[in-house]
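There are two complexes below, and they share chain A, which is joined by chain B in the first and by chain C in the second.
Right after this comes the complex of A and B.
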């Protein structure tokens, strides 16, 4: 067989090779994204995602979507502009979620015995699907950033509320009121993490009374738009091919 | 010659490999909290823990024990460490082997950080409930914002039983009694599995046809329009609509199921009540202090004045949780950790009862291997060469009186 001849002998064989490549690429891509995105997320969202007593209605709602839209934007850029594939964001958040669950279950629970209901991760799937679908339908980076980015921020809190609400039941404990999440943080001792490190309910957002979560979510959505643009261009740059001229 | 060199090199390499391999068979458990590594001045001049008591040495799972005592917030707090304006009474244990069922300073529950005043002494109590079997080193501990952890003495406590038997029942203000150990778990698993499956379904739609190679070829040929069909868009919109619908519906049903929820609680606690200490009747002036490096001993020249109405004797010098006792005056019966207790470590040149109104200058020596073992000797390398500690005087009735000392320290190397 010469170098100019095809490696496959029939269309069926070509399809088979193509599918094999699909699964190999998907598998590799999934785990590469899982590793990179997970490390990134642990560094920038960290404790807000690790502990239920950090998941407040202000900073958790604000920080996580902003830090979470990064890799989805970049991976969308590569998969859309080079392949017209519209599942980049979903693939990212599924990778992240799997990595987080492995970490939380085996490290936080398996090694250090923190209860899973205290250390479960946040999930970003609803926002990611909307982000992918906006790109799919519009084919526009600007619209995806504005509509999808805003949606990514807005959907985070309601998407997680069904698992968080039961942890916000109030408890009277030795003469003080706490939520069950607060109580978990108090009961399950984190020797290296004193209480004052916990950044929750800080800020001056008091004008809206008790309804601060929607305001935080909107703010998060707005910043997510900007972050989407920046990381989209990271993705475009990362996915580009450049050739150097020979002498 | 070269042959010999090569052989030595090879043998050295083999020896290294054997050593590394052998190390695998001896890997002792790391069980301390690095308390010895903390700078000596941090332990000597910040929080002084004393009168500590660990209520039990052995605790079955689900049973409780307490760590109680007092701590003195040193007035000569080092400038290089942030003041304890935001402090958290912690407990030094290797993770949640106990749960912290309660912690109090001066009778006030302190689940959050609080403000402590320099020069004051506070009573504290930590209630622990045993959770994970094993032998655990239990320390008192105070975290100071921007200052770091200030760890107190630690004692080994054994938890017996099985962790599978551990329960943590809590009654909420809405009247439900739940087990905090497992509460909400099935709900968490269900919703995460649901959204994961939903995400996979979305990707599966795209992955049912060849994904990368034909798409790349078509895209590079400029045939972008052929890669996204009207059906793709409809399916995508279906997924998006379903997502929005599910999120809205579950948000509403959750709010119906849990109509009363409260935000996370945060904020600094102020007004911790210190112990009202009786007026000090013993005055101590440190005339000089040296640390003799070869002898592992600190020598102080103290001028002691007894302004009370009962004669006193110096029974104890305590610094960085190490207690040096004059056994003729004071013996410990609290079960204080052996490694931190020098039962005969305190020598006083004249420790006869100091009568009321009398003043005496004495040479006091605190010597024990603990200076070295607990790396307190390292204070000679501190940027501000001072020492500090608590002196305990015992009167005729057996009452103890605490006096703080804080003075420059001169190392002696010969």
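Right after this comes the complex of A and C.
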């Protein structure tokens, strides 16, 4: 290869090549990250995300942001710190949501006939936007971890509340009080019906009256900060360009 | 004038930098094939896939499994063998334009890998969750597993291996050794397939359908993380492309 030769014939062709490659790269990144993030998320947080009768005010609120902040932190570590692209977290979350929605519609509904309002995915976009905006405005990994990570945890419940509120309305069924989501669960029997609903909230502590969701959200936010730090460094490692020694 | 005319003729005869037909065809093959697979699941999952002791299960699902095993092994052998056999033995002396053309081809392979990863890791894996929450399993080879583990995973393994081999045999960038993150991005998702052994072992001994979030599944999670190795491949590619284009873009 001669260094004096050029790969392109003109500046216009160079620009066109560069733009075309941008689209090819974006397509590849989007779908590979979607695949990795989705398999991670469904197996570390999936049950709380699949079924509306699992979307409670304690473990759903706690587990999902902690497990959800992982890939956004790793992808930001490359897209922002190498290329100053400020939508790493949003890209991840949009990929995850696309994968989930396609699945819930074509498989949960289309193959096994659970109604979509029983199996819709959780909303993570508000937290992802906050992560990206904090990073864009501050340019600081520490601040993004602390402020963005806490925001990612805190915003999860309010971000989902408009969709979940109607399903948390109380109903009486055969003399028992339950939520509409629980009732849906009883009607759509699954192979292993969880004792989950009876397992949660056994503690007596009610510092904020009846509201346990804020406690869960704060705890989730604190852990999300730590997870962000750890996954930032995972992201840096995954972005490394080292080669094994050639033969 | 004559020289200019010759140059224009040569340009017209030259292969384009990006072969759009290959790119569209490559992705379309996965989409059309998996649309057919999904139709097959929809029809024969319910009618023939619920009792592994029934004769129709053997007809529609076990035979599907045997056929896909044969096709996967032969496809991997032919494709990987062709890529290796037709390798460029003078890869370090290609022109910059040819190198750029090969980078485009490489990105077509990576786009196909991304499509295969999407269907394997996202579409058919979560689909498996809803099937098992609906039907009690009595075999390792449930309809969802015949597609997920033994079709969609081998397909992305074959595609990832082909992308890696293309880069290794045709691009100067990858001649200095083996890219660690490229290996992570292709070998890691490959390791999900052997991890199926652990999964089936666990499901043989415990009834655990009530939790998709189960420690038995964490091997899949660990190897799923390795998809992030694509970030390292991205960085290597951007550096290589910047060297090829930088002075023309300046």
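What we mean here is this: the second predicted complex is superposed on the first by the 222 of 247 C-alpha atoms of A that agree within 3 Å, B and C clash if a C-alpha of one lies under 4 Å from a C-alpha of the other, contacts with A are read in each partner's own complex, and residues count from 1 in each chain.
By definition in this document, a residue touches a chain if its C-beta (ideal position, glycine included) is under 8 Å from a C-beta of that chain, and two chains touch if they have at least 3 such contacts.
All figures in this text were calculated on a predicted structure; none of them were measured in a lab.
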item: Chain B versus chain C as contact partner of A:114, first or second or both or neither; value: both
item: Chain B versus chain C as contact partner of A:137, first or second or both or neither; value: first
item: Contacts of A:25 with chain B and chain C, given as first, second, both or neither; value: both
item: Partner chain(s) touched by A:186 [first = chain B, second = chain C, both, neither]; value: first
item: Common ground on chain A, meaning residues reached by chain C in one complex and by chain B in the other; value: 15, 18, 21, 25, 82-83, 112, 114, 190-192, 194, 196
item: Residues of chain A touching chain C in the complex; value: 1-2, 5-11, 13-15, 17-18, 20-21, 24-25, 27-40, 42-48, 50, 71, 74-75, 78, 82-83, 99-100, 102-103, 106-108, 110-112, 114, 119, 190-194, 196, 234-235, 238-246
item: Parts of chain C lying in touch with chain A, wherever the complex brings them together; value: 11, 17-18, 23, 38, 41-42, 45, 92-97, 99-100, 103-104, 107-108, 110-111, 113-115, 117-118, 120-123, 125-127, 129-136, 172, 175-181, 184-185, 192, 207-213, 217-218, 220-221, 224-232, 234-239, 241, 244-245, 247-249
item: Complex contacts: residues of chain B adjacent to chain A; value: 33, 86-88, 90-102, 109, 111-113, 131-132, 141, 143, 145, 149, 163, 168, 170-174, 176, 178, 180-185, 187-188, 191-192, 195-196, 198-200, 202-203, 206-207, 210-216, 218-219, 224, 227-228, 232-233, 236-237, 239-240, 243-244, 246-248, 250-251, 253-255, 257-258, 260-268
item: Interfacial residue positions of chain A with respect to chain B in the complex; value: 15, 18-19, 21-22, 25-26, 53, 55-57, 82-87, 90-91, 93-94, 97-98, 101, 112-117, 120-121, 123, 125-126, 128-130, 132-134, 136-137, 139, 155, 158-159, 161-163, 165-184, 186-192, 194-196, 198, 200-202, 210
